[in-house]
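Got a structure for you, written out below as structure tokens; questions coming shortly.
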């Protein structure tokens, strides 16, 4: 069994790398994907390729539509969608991805600190697991794939 | 033609009533639905009916799962899902609903002030319209149903 | 909002009537359906209409296939599927119905005594609510439809 | 042609190994998967990774939700779902899996002794085959793949 | 509960009328539909409305495509599809309708004499019931709707 | 049987009215819908309700997205989609609607003069009927509903 | 591009081999599948593996259900379903497969002599091509894959 | 991540080659497909393989149906559908493909000169990006796959 895992949400900490390293160290057959995590590129990609916009709203729209090609592909192909909520920003796109994945019947793992628990209760309730650390996500994936629990 | 419209999001202002009045005044064939908007009931419904929980996490889970019966029914039955982002709280459930509705191919109208535009760009990009006021939502629904524009 | 509710499972106690009375007393817009609850008719319907079978296995098959017309129609049309596990019999058809409903994305309410909790943990985990009494099911439906909690 | 086969149900006898050996001996292009079959790990996986729960109900819930990632992936990817009902335990998760697979349109093979036939009649009626022994399951898979019947 | 029933197949005997009378006499909430049963109109409808064709193949094609509007609508809306195989003609369109309905997950009742049993074994195997007479079909529908067996 | 029919395409001739009159005169149980046919309103609806745009591209985008709420609702609810290609304009939205409807499995009737036949061959090939006049469309709908051919 | 092609229908002539040879000679990237074509094995497979039946009807049922595992897998995986109608037998299973494939949106090629054209008009009308010879089927597949027409 | 990209529309300029070269030069993991671009073969393929037709309408129909096998396969397998509108011909099949792809939820890139913008506004509004040059399409695909923007 191989698992395709999409890593959605926060782009300002190295949680994706922690999961990638953990998965590699554990020798798991996991294929990871995620959004473009370069904040500036992600914001400006639309106008950089398709031409400038005077209006910031449409500047943003062009970028968001372009990024959605990658996001939708990643989520639709995934077996498991991990959504990380960090401490900064509104992160509405993360919650949007979680809802999108839930409607498609994907298995969801939500990753956040305990202080977000009440605000995320509807999102958590749609999930198969709620983790606090990337290491726990690795443990979850290892168990799903191999049945092995942490020592 | 009748439109079934689900009103998701903010529960602390009277935007749902404004839309309901506007739709009634305009004589539109619109059927409105939405979540339970009594904040306390919505938070405590699970334990109130099914028994108390010591752990707040599971207290919340019981409520969120129960509320999801109504939310999913409302969104799945809707032709149009309006999602309102207000000025307070994280409102991740609103963004989750938007993602859920988008994945089901529902027409989306996002309702928010201009200061939220950048943070909501991915959500807006999945929508058929981005409005700033409930009156605009009424105008949108009237146009969809009758072809009439505001005077 | 109207809710279509399918009542699956145990046929030897009057739990369906309790829910029907509760729903009627509360004035809820709920449409109830369920399987044929006459045990003998349900077992023998196939051969009674289509001709006897020497082999009990095919006697059962004819009946089960015929009953599945009603069961599938009821579950597929439902917004909410309530599955009751009683104290007697294997009740594998109840668990089968729960799995069938879960795969279709129906909201599930599982109704059973606490002694069944461990054996039903996979079924409960797919549900929006786990209730112990028919009165709780009525309370759940009232809350979903009206937002009102028990006094 | 390759067949992906998910082996659901009983975890206390070696029926999965019998099928695996039979399939290997027959040189069939079959890819087998199944749930985690270590009973203790399966029961405790949720709390072992995500933290202990005082309440057994939520202890079980955490584990069941985690196991569902693997179960759903296995069933959704499968061409054929084999469900084994043994002689012990309630095995409601086995019947749940059968219903889940049936709703997804998977081909089902139900494996049980004749004494369970009446109690499983609704499950059997949704199946392409009802077998009594793992060797018969191997014969069924060989016939589907190669057209060869047992000597 | 209401059942929508599509009556496919043979158009040269009065089996549809027998079922219609039986359903009416039994007071069942059944809505019946079916193809155009005027053989000549059914063959010539395409060219009669859209213009003549020199080539019989395209004469037939125009009619068959037009008839498919009604057939597909009837089958897609139905809860139960009854397919009657009579004694004359190839009746490949009846078997095609059965396959179409099966792929959509409709409940199927196949109606034919015992001499057709071997030739129809694949079609029968996809069905919930195999009947020999229209009266049996009425009995099946009555049981599904009311739970009542024939006296 | 009732037919829901969406009338897509050309908005500069009175073909919709011809079909509406014909259907009414024939007493057919047909429910007609279609896009907003006021060309100016259709072009400017987005900015009229949601605010002006300097850039014509986004002016158009706002209107097209708003109109898509009605168009998608109409097509998704329809049993039959009639698409009319007239003699003026590019009419790419008509062909887009035809493709959208075809992918959803809707029955298609294409309405155009013979000079467009070669250019529309891919669109016609996805259709159940190709008509030249609104009167023929009425005849097609009458036949589908009643089996009656033109005198 | 690779094409997965399922070859349904007649099992008493060597048309499948002709297509297989033609495809190989043309060097096409085509993956062929089909039912078990050993008539006796196909009829008796169910009882040979799962035990004898006194009643021919259930003897046939066991075989037909078992064969449906392969048939459904083949059709559901296919890009193109070729259905061959020969000169003997009722061949209702061939027409059933055609209907099943049509409902799944598969591309259909129907292969039959001109004398069957009228009886197969509904089946042909659901197809992308109607061929008379296996060589034409090879030509069709070559054109689809390479754009090359016969010399 | 690999992207499967279908290139629909104009067949009289070398835009497909430009994209193919650009993708190759950039070392992107992109799999390109498209329709048969030999205009004469595409028009005549049906009659060349399946026999001549006196009537041009059916000559065209045979070809269009045959081409649809490749077109549907290409679109249904694609992650991204690029649709090019050139300066000549009606190009209704291009708009049809865009509608077909949109209804399937594919990511769309529309490629056209600015003079077509108003006529294509409904098509553009369903797209993730609107480009003017093949080089921009390559830049879009590179960004989606690698996150890299043009230098």
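Annotations for the structure displayed:
Which chain is which? They are A, B, C, D, E, F, G and H, in the order written, and residues in each are numbered from 1.
FYI, a contact is a pair of C-beta atoms (placed from the backbone, for glycine too) under 8 Å apart; a residue touches a chain by one contact, two chains touch by 3 or more.
This structure is a prediction, so every number in the text was calculated from the model and none was measured.
Under the contact definition stated at the top, the chains bordering both subunit F and subunit H are A, E. Matching the C-alpha atoms of subunit D with those of subunit G calls for a turn of 90 degrees, to the nearest 5. In this entry, A-B is the pair from A-B, D-G or E-F that repeats the interface of F-H, since more than half of their contact pairs coincide by residue number. One simple way to say how far apart two chains are is to compare their mean CA positions; for subunit B and subunit E this gives 44 Å.
Taking each chain's centre as the mean of its C-alpha atoms, subunit A lies 50 Å from subunit E. In this assembly, the C-alpha centroid of subunit C lies 24 Å from the C-alpha centroid of subunit D. The distance from the centre of subunit E to the centre of subunit H, with each centre set as the mean of the Cα atoms, comes to 41 Å.
Listed for subunit G are residues 65, 68, 105, each touching two or more other chains.
Looking at which chains touch one another, you get A-B, A-D, A-F, A-H, B-C, B-D, B-F, C-D, C-E, C-G, D-G, E-F, E-G, E-H, F-H, G-H.
Across the complex, subunit G is touched by residues 1, 3, 79-80, 105, 107, 127-131, 136, 139-140, 143-145, 147-150 of subunit D. Across the complex, subunit E is touched by residues 53-55, 58 of subunit H.
The residues of subunit H lying in touch with subunit G in their complex are 33, 36-38, 41-42, 44-46, 48-50, 62, 65-66, 68-70, 72-74.
The residues of subunit D lying in touch with subunit C in their complex are 56-57, 60-61, 63-65, 67-68, 71, 85, 89-104, 116-126.
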